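Please find one structure pasted underneath; my questions will follow.
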């Protein structure tokens, strides 16, 4: 990693790229002032149909590290191409060691998986920039504490809830559900348009469990979610699977927990 | 069937299918006989520019789409009448231009933008009530307009030059037709997505054309076939657990090939080379 | 007074297409109930002139008045094109094609029984009544031409514009057709473009020659000099069968029956 | 310009633009004169079915797309020649059917959503070297085929019936043309996405047609214009920081309107009603 | 021996379109270098017969042999359609259209100087040489028809099929055209469909009448009875100007010059 070291010394900061907003937060927390973080998919854009403008590519051609989420279709298409533009780019897969369900990319929505991701980030940063290893380590430790705390807080949110089931349009919360013993009912099957049988099944299950809240994400059309909510006699709540500030996750999960409590009452 | 019909969304989807079939059957008949299938496909893409504009201006994208396709209808008519350009090329250009504009506008607009996929594909299972109402209103408008201008539409579609010598305002009639197509496409995009619109606009009238050479009967048969394909497709997709829009389309395609085969058996020993020529006779 | 009886009046008409001048300084004045025959070589501009009168081509310069007005009223013109360009697979029957001539006559949205009667009459006149339920594409060339004639007649126009209406018609029909035109001529002005000089000279009241511009005499006299201007080889022409009475060096009514 | 050209990816994108312009200019000329713009648009969508198939079978989706569009080219030709159906309707049907099939296949294949948008949009800025090579090879194939069958292509496109009486195997020639279009569309989808293909196939030949009535000259002008639009659009998008594909399209559209205006000024006082009729003469 | 001199031989030919029978039991045998004129009423099936010979329509039943073979060799047929359906905006010049008649003669990919010379010759023969650089859509109806004739001639075919080639041509051209045909007839077989019985009877060697089936005598005799079968009203016909020598009640060679 000789070359990168000299780069760091020359320019002072590491140019780090990530695909989605939540990752940026992690990198900033670990890299602090020593990194300059860029996000490929800007706020509000949907990672499904993002076209990279030339300006971004220009910047990308000078990037040092790229942390990929690992299973985003967007990355699958672009990473090879970006590597073609920037041959010195170090691409780090932050999903290493995480057990992937169904190719679902949303690993940044469970604190426990985020802990693994941040370890990859820390390791990569300190191997590139050996000089500042101590600085990164310090930050990393703090982040790990924060994540552990969040992990406990989130686990606590669900204490006393027997039927830990929630309904979402887009299956973004699959890993959260796995890690905290929840059941995610997703209308989209594997992120694809659902068939009527699947919808009927979801409605049956939701009705049986008194679920009245359908979670939708702001990046997707909420129109469809509203129809399901109507059939259940409930409402749509928007939760963002791409939070800018990592701490928002807690608020989001507490909404999910609230929904479960209300469902239990409805039952 | 019964256990399927117990769901609100399923009943609503069936209703949507029938309502969509009415608009598509009637407008699609003109689209097919006037050989402007291309227009319907393009308008769907042109709408995307309007969606982009909607996001950019912070208004409801559907109004942007309306404005854009209506404007494009007018543009197609105008350039066609005034500038002596080939219609299909103009449409190809508008298609590309609108999509490009849509992309750039969405790129430049702040805040959340909706996913392109839902516009391209739609989901008939979750058509909101307001879209049903939209579609119903559109059906009524289309039926009224066609009822009032049936003969004029036919004359202009068949031989525009003669219609002009008789005193028909052919430009106006043709524009009216383009507007009907534009409205259908936009409303349908919202309700069922682009592919289903194109399928329902073209397949039922094409099948119908094999059995009648009367426009009004073509419309009737198309509406019936469309309803069969949508309702049947829905039901099929329920039992096979497949995406319903796609199943409807595939059912319609199957219908087309079955009808083709039936006609083929009937006419097997008839000569067909001649008929094929008709394509070249028209350009 | 004068205005009332002028069916078509053209003054200093020029037409250019793609920058090429097709008609040059055409002047024409046709009385009502006239029967004008226009002859001329290929590419002389006959079709272009008819299209200008029918309102299908805008002139580059000059003035046209149809029935005394500078715009064409619905139902005034009945037009039989030289070639009809339409989709032969179009789902429309012969009867419906002819009915489309009634478009501006119909009251309300649909054609009335009277419209149907007129359409059927015209179909009978061109001997195509039994074909009325056929799809338009399922006709032979001459059959199609007859239907187009019927369509123009169904307009019951003030002015009937015929661009080589008998080019593909068989001889049996041609003779009947000219008789029909003579009859129709009692009620309407007719302008007929044809290469069949024999037939034309026999039935028309006035004769004009077209080659870039219109050589035309209100005195209905077609001189030998005129023909020479229009046709590249008038001597040949005579030799090949133009009846001599068409050519009157000094005076005489052409096409008098 | 210079600071832009210092980047490898920029130079590569320009090369891609020129290579794409060659294929599109040549094939697009036929597409425009034969009035089959619709085919190019549909083939792009038909490719989607193949992409679905690729995912379903776990092979590279581009091979699925190749197989599908090639098959559809054959299908269009076949149904057109043998079954006496209207070409544009058949294409509309195939369009819808393929898209539907794509959706269902993707639904049935294992794993999370496939990345459709990259196929619809592509990105000329990051065309991998292998795609450049693909495109270059395609250019050579197209130029060779057109060089060898130039007269046959023209005769068949102009008057297929006569070509047949002279002894030309018109079916074969037409199929060859459809295959060229299919190949162009698939290669271009991969390189630059659907919209740019449609724009480059239609806009340059349309502009060229305003200035010449020779097919070979149309091709030459189209290739030049295409190159100007792609290279110019790239440069513009770099300075305005906009999506480059979309910028190229908009530049081409602007070019079309400028050319239209120029011609309009030239012919302002000429009559145009007549020319417009030509649409009906062919419709 | 016999095979060598038969240009077209048709046996028991039936054609159906959309289930409707158009040609019924047609039999025909034309010697090489023959000049056959086909007359008949509109919708008689003349165009259909020519298309069958040109290989454009497949028969429902029956047999056709062209130059002794059951398939048509490239360059054997030159066809002038009654109506040509093509895109008038197509970017192709008159010269290129005529050259397309040389498609199967050209060696290699491009047309040779000889091909150009032939195309130019044919254009001169139809008096359209000066139009050779015009785009095909920028012609009048008659001009276009002449170009299509030139295109068919450029094939230098064994058999020339002409479907009302003079329908829109001016009289000046028609006479020259028939002279040209007579000249061409020295080298090729010609089948001419026309409603111009006068002209036809003057130039053709053999005459046939078509109305669903072909009434045709190898003895080249056209009887009054035959005409009666073909035309709905033969008496009218005669009255309207068919030269009487065409109708020979018992014997005589029709169309003898």
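Think of it as A, B, C, D and E in the order they're written, each chain with its own count starting at 1.
Throughout what follows, contacts are C-beta pairs under 8 Å (C-beta built on N, C-alpha and C of every residue); 3 or more make two chains touch, one makes a residue touch a chain.
Just so it is clear, the structure is predicted and the values come from calculations on it, not from any experiment.
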| item | value |
| --- | --- |
| Chain at maximum distance from subunit E, centres defined as averaged CA atoms | A |
| Best-connected chain pair, where connection means C-beta pairs in contact | B-D |
| CA centroid of subunit C to CA centroid of subunit D, Å | 45 |
| Distance from subunit C to subunit B - Cα centre to Cα centre, in angstrom | 41 |
| Between subunit B and subunit D, centroid-to-centroid distance (C-alpha), Å | 23 |
| Sequence positions of subunit E contacting 2 or more other chains | 17-18, 56, 85-87, 89 |
| Interface hub residues of subunit B, defined as touching at least two other chains | 35, 86, 103, 107, 116-117, 121, 159, 161, 242-243, 245, 272, 277-278, 280-283 |
| Where subunit A touches two or more other chains, by residue | 48-49, 51, 53, 192-193, 195 |
| Contact set on subunit B toward subunit A in their complex | 4, 7-10, 12-13, 103, 107, 110-118, 121, 123, 125-129, 234, 237-245 |
| Complex contact set, residues of subunit C against subunit E | 17-18, 20, 39-47, 82-83, 138-143, 145-146, 164, 167-176, 195, 197-198, 231-233, 236-237, 239-242 |
| Subunit D contact footprint on subunit E (complex, rising order) | 54-56, 72-79, 81, 84-93, 96-97, 99-101, 103-104, 106, 109-111, 135-137, 151, 155 |
| Interfacial residue positions of subunit B with respect to subunit C in the complex | 33, 35, 147-152, 154-155, 157-159, 161-168, 209, 212-215, 218, 278, 281-282 |
| Residue ranges of subunit A in contact with subunit B within the complex | 44-46, 48-49, 51, 53, 192-200, 203, 218-221, 223-228, 230-231 |
